[in-house]
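Below are two complexes that have subunit A in common, paired first with subunit B and then with subunit C.
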Partner chain A sequence: MPLAVEIKDYTWQYLNTQQPALKNINFQVEEGTFLGVIGPNGSGKTTLAYSIDGLIPGQYNGIKQGQVHVFGKEVEEYARGQLQRIVGVVFSDPEAQFTAMTVEDELVFGMENLGMDLPEIRERLEWVTELTGLRHLLLKPPYEISGGQKQRVALAAVLAMTPRVLILDEPTSMLDPVSRRRVFDVLLKLKQEQRNTIIVIEHSLENLIPLADRMVLLSEGEMTLEGETRAFFQNMDLLIGQGIYPPGALRFFYELKRSARFEGQLPISLEDAYLELERLSSQAPSV
Partner chain B sequence: MNKTLLGYVPTQSPIYAVHPFVKLYFLLIVSLFPMFVAAPEWNIALMLAIVLLMWLSRVDMRTLRIYVPIAVSMGSIILISYILMSGTHPEFRLIARFAFIKIYWERVRDAIVVYFRILPMIFTMVFFLSTSRERDVIVAMRTIRLPFVVTYVFAMALRSAGMVLEDFQIVRQAEHARGFDPTGKSLGYRLRQYVMYMIPLFALSLRRAEEFTNALVARGYAFTGEASRVRRADYILTHYSFKYYDTLFTALISASFIILLVLRYGYQFFSIEQSWLINWLSTALR
Partner chain C sequence: MNTSAITDQPFIRVQDLDFAYPDGTRALEDVNLTISTGEFVALIGQNGSGKTTLSKCLNGLYKPTSGDVIVDGLNSKTTPIVQMVRRVGYVFQNPDHQLFNSNCWDEIAYGPRNIQLTEDEVKTRVEEAAGVVGLPEMYFGEHPFFLSKGLRQRVAIASILALRPQVIIVDEPTTGQDARQSFEIMDFLKDLNEKHAHTIVIITHDMPIVGKYARRVIVMGEGRILADGPTTEIFAHPDVLEKTFLEPPQITQLAQLARDLGFYPGTLTVEEMLTQYQVIRGRTRL
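After this line comes the complex of A and B, so read on.
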């Protein structure tokens, strides 16, 4: 698989700050990978997203060291507006990213910027409204719909541009559990049907873990842990030490393991946990 | 119901059959009418015509009530300004005297003329805003081939007004939640404390601007460079078509304006001298 994103010895410090926001970051994302990025607030997650999309250093002043490559090319080598055609970002506050007066205008704005013709815009609009279930909202102002719908509009607006890399920066931080689930359902469809490279920065681990192929943990600007999702969540001591609290099922097995009642790999999904529990109960002596 | 800039209009309203450009053209041309009409009765007739159009467009007429205080205070300000602050002339006719204040007929007349010139302009604007959605305004501007960036900045200005108001509410509620209550305090105190609203509002506006810039960049929009020269397919315009009756309405508005100019400058219609209302008032105040 070709590399979609490659970050080498990357350090970024915003102007007039004492500490770098990101320090010596190294990782690679293969095309088609679903990467989850987690970490406490202020750990540099958003800075990482902005660095891959070229908002850093394009829109912010600071000191950059190292390299951020997208499809083999340094982000600064892309012409203005070109990188954003390859990398799409959905920000955490959906309302802050609306640029149009109706949902429909919002969805087509990016496509118009890319210079697409009308038949292609229509076709993609059709596809993206179907995917995100927004057809009935097309004529509404985007700032008058519910929080979950707003976030789906923001996601759809970026998806319509069909970026090869999609970054979502805490897309569900302002949503209720049902709306959160719907956003992740859309991501699941994308992963299964489109094979996009998706990078999701998220606190909601119970939704993220089942989708993520790999995970990255950032802490105080440094990459503390990186790896394949299952292997990543075997480091529970480190994760909990960094203030990351995985879903209940995972913690339950972690506690069993700590008390020497369970051996082997910690199950990372509810389904795995159920199977593991069934296996354990079948092995337990009957009363 | 469709949300317009000033309220809600039923989806079945016939106004939606009219192309947004016609509405914008109506606003731009008809609001010029009072500039050429001095006789108040004609301007009152124009106001009634606009009210009739609003009724036909199914605008909720109750919303007009909110403009009554504005109309009254505006009239009072104009009248007081003309009586107290304007000059005098030896030929002016004194109609009343209150202490050292002399009231001349010519000044009262001018105040009435000006007032009834401004009112129809406001009515035209209210009609336009009550029957136009934000999108209609943008479509109208793009129909006349205004550059995208101009229409876009205009759209953002419309939107940011709403956002600032929303942010103001948030800041105000946050201040109240922390015990700030100016109820019953003097106006001077309230004005001084207003800074408590303004500073966070200003900070929020800066943050909004930054987020918005990021959103624009992330959507591939660029003001300069290669990306800014991309030929845009204006998708929203495909929802609108200029029908035969739109042409008819545009022609009608243009013809009315030309007829008005001909009558005004060719035959001296609509002047103060020809105004029966002014003449009647002049006689009544003699």
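After this line comes the complex of A and C, so read on.
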């Protein structure tokens, strides 16, 4: 599998700051991987997203050390605009990304910029409005819709350009639980049907865990943990110490394990947790 | 159950409230509820279900299209907004939509000055509010936009507290905050509720937070109240929640799946689940 992203000995320090925002980062993302990035606020997650789509070092002043490769090529080596065709970012503040007067124009803007022809734009617009359930909002001004709807528009606008690498920075922070699950369903579909590489920065782990192949934990600019999702969440002491609050079912089994009432791998999904509880109940008491 | 004193006399009474925006969009329909002093309420519902609109009716920012909002005996239709906001404070979802002064002191002092308190009284109110939210004095002269989101939210809450409202409504207090910051803010609201006897209403999509902190849940959908009751009862009936595109916290879902094993479907926290596990294990073979 080719590497979509490869980060080697990467350090970035914004101009006029005392500390690097990211320190000595090393990891690789194979094409088609769903990667979850977690960490407290201020740990460097958004800086990492900017570094992969070339906003850093392109639009920010600072000192870069090490390498950030996207499909084998250093981000600065891409011709202007080329990298943004490959890497799409959905920002955590959707308003920061809006430029148009209607939702429809907002969705079309990026595609026009990429020079797509009209029939293709129409087809993709159709696909993306269906996928994100935005049809009834197409003619509204983006500033008149609710926070959750704005987040769906921001996502749809980036999806319409079908970037091979999709980075989402807290894409569901303003959504209700079901809309949130709907966004993750869309991401799952993209991963399964189109083999997009997807990198999601999230605080809410309930939906992320079942989808993510791998996870990265950032704290104070350093990568403190990285690995396959199930293995990653066995390191609960470290995660909780870093202020990561796992979903209820996982935390329940972690507490059982801590008090020696459970042995073995912690179940990371609701379904697995239930199966584990059932298994425990069918066993003879271990007194 | 919590011990905060809840008086019998409702502080807020909403009767047959309808609200439509000037363009005719109906946002609230036939809303009836009472909120008593000392309650900790979560207002939940899908995006666009009317939660924020209802809050703005409660503090008099919006006047009912029909029906009444009566706060502390005052009808919002006939009471000047200045009187309403002294009783019900509303903290915006995005603190940046609320903060507009060039330093934190002026930001917090704005409300008290606006209700024309003396500068001495203003000073007392600002110091008190800053103390309650734990905003260190070194930040008083800072521009709010140079503070972290968590601190900006505290400034926003302090600026409301300075009016000493009995009821504080906080719209999405934990959005964009990491777990540690979320608990800090919620523990702080819990303190306001338990130690300072403020009535707290939170608007949120974060169901684990609701399960942990709120004692009562009001579920809204399409401008109506669909359910209203103790948190554990509301979460024990996922069908009502599902209708409104909500789901209980994951630990509640686990308890519901494991109902046959003896777990209570209205379980709200991991701690409650662990206690039950202990009991069930002692009783059966688990």
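In this section, the second predicted complex is superposed on the first by the 282 of 287 C-alpha atoms of A that agree within 3 Å, B and C clash if a C-alpha of one lies under 4 Å from a C-alpha of the other, contacts with A are read in each partner's own complex, and residues count from 1 in each chain.
We take it that a residue touches a chain if its C-beta (ideal position, glycine included) is under 8 Å from a C-beta of that chain, and two chains touch if they have at least 3 such contacts.
Model, not experiment: these values are computed from the prediction.
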item	value
Superposition on subunit A - do subunit B and subunit C clash or fit	clash
Partner chain(s) touched by A:84 [first = subunit B, second = subunit C, both, neither]	first
Partner chain(s) touched by A:59 [first = subunit B, second = subunit C, both, neither]	first
First, second, both or neither for A:48, with subunit B first and subunit C second	neither
First (subunit B), second (subunit C), both or neither touched by A:146	second
Touching partner for A:98 - first (subunit B), second (subunit C), both, neither	first
Which superposed partner A:217 touches (first subunit B, second subunit C, both, neither)	neither
Touching partner for A:280 - first (subunit B), second (subunit C), both, neither	second
Subunit B region in steric overlap with subunit C, selected from 24-32, 150-158, 168-176 or 276-284	168-176
Overlapping contact positions on subunit A, where the subunit C interface meets the subunit B interface	none
Residue numbers on subunit C that touch subunit A, as the complex places them	45-48, 93, 148-150, 172, 175-183, 205, 207-208, 245-247, 249-254, 257-258, 261, 269-270, 273-274, 277, 281, 284-286
Sites on subunit B touched by subunit A in the complex	3, 133-135, 138, 155-156, 158-159, 162-163, 208, 211-222, 224-228, 230-236, 238
Parts of subunit A lying in touch with subunit B, wherever the complex brings them together	50, 53-55, 58-59, 79-82, 84-85, 88-89, 91, 93, 96-102, 104-105, 108-118, 121-122, 125, 141, 143-144, 157-158, 161
Subunit C-facing residues of subunit A, complex	39-42, 92, 146-149, 170, 173-180, 203, 206, 243-245, 247-249, 251-252, 255-256, 261, 270, 273-274, 277-278, 280-285
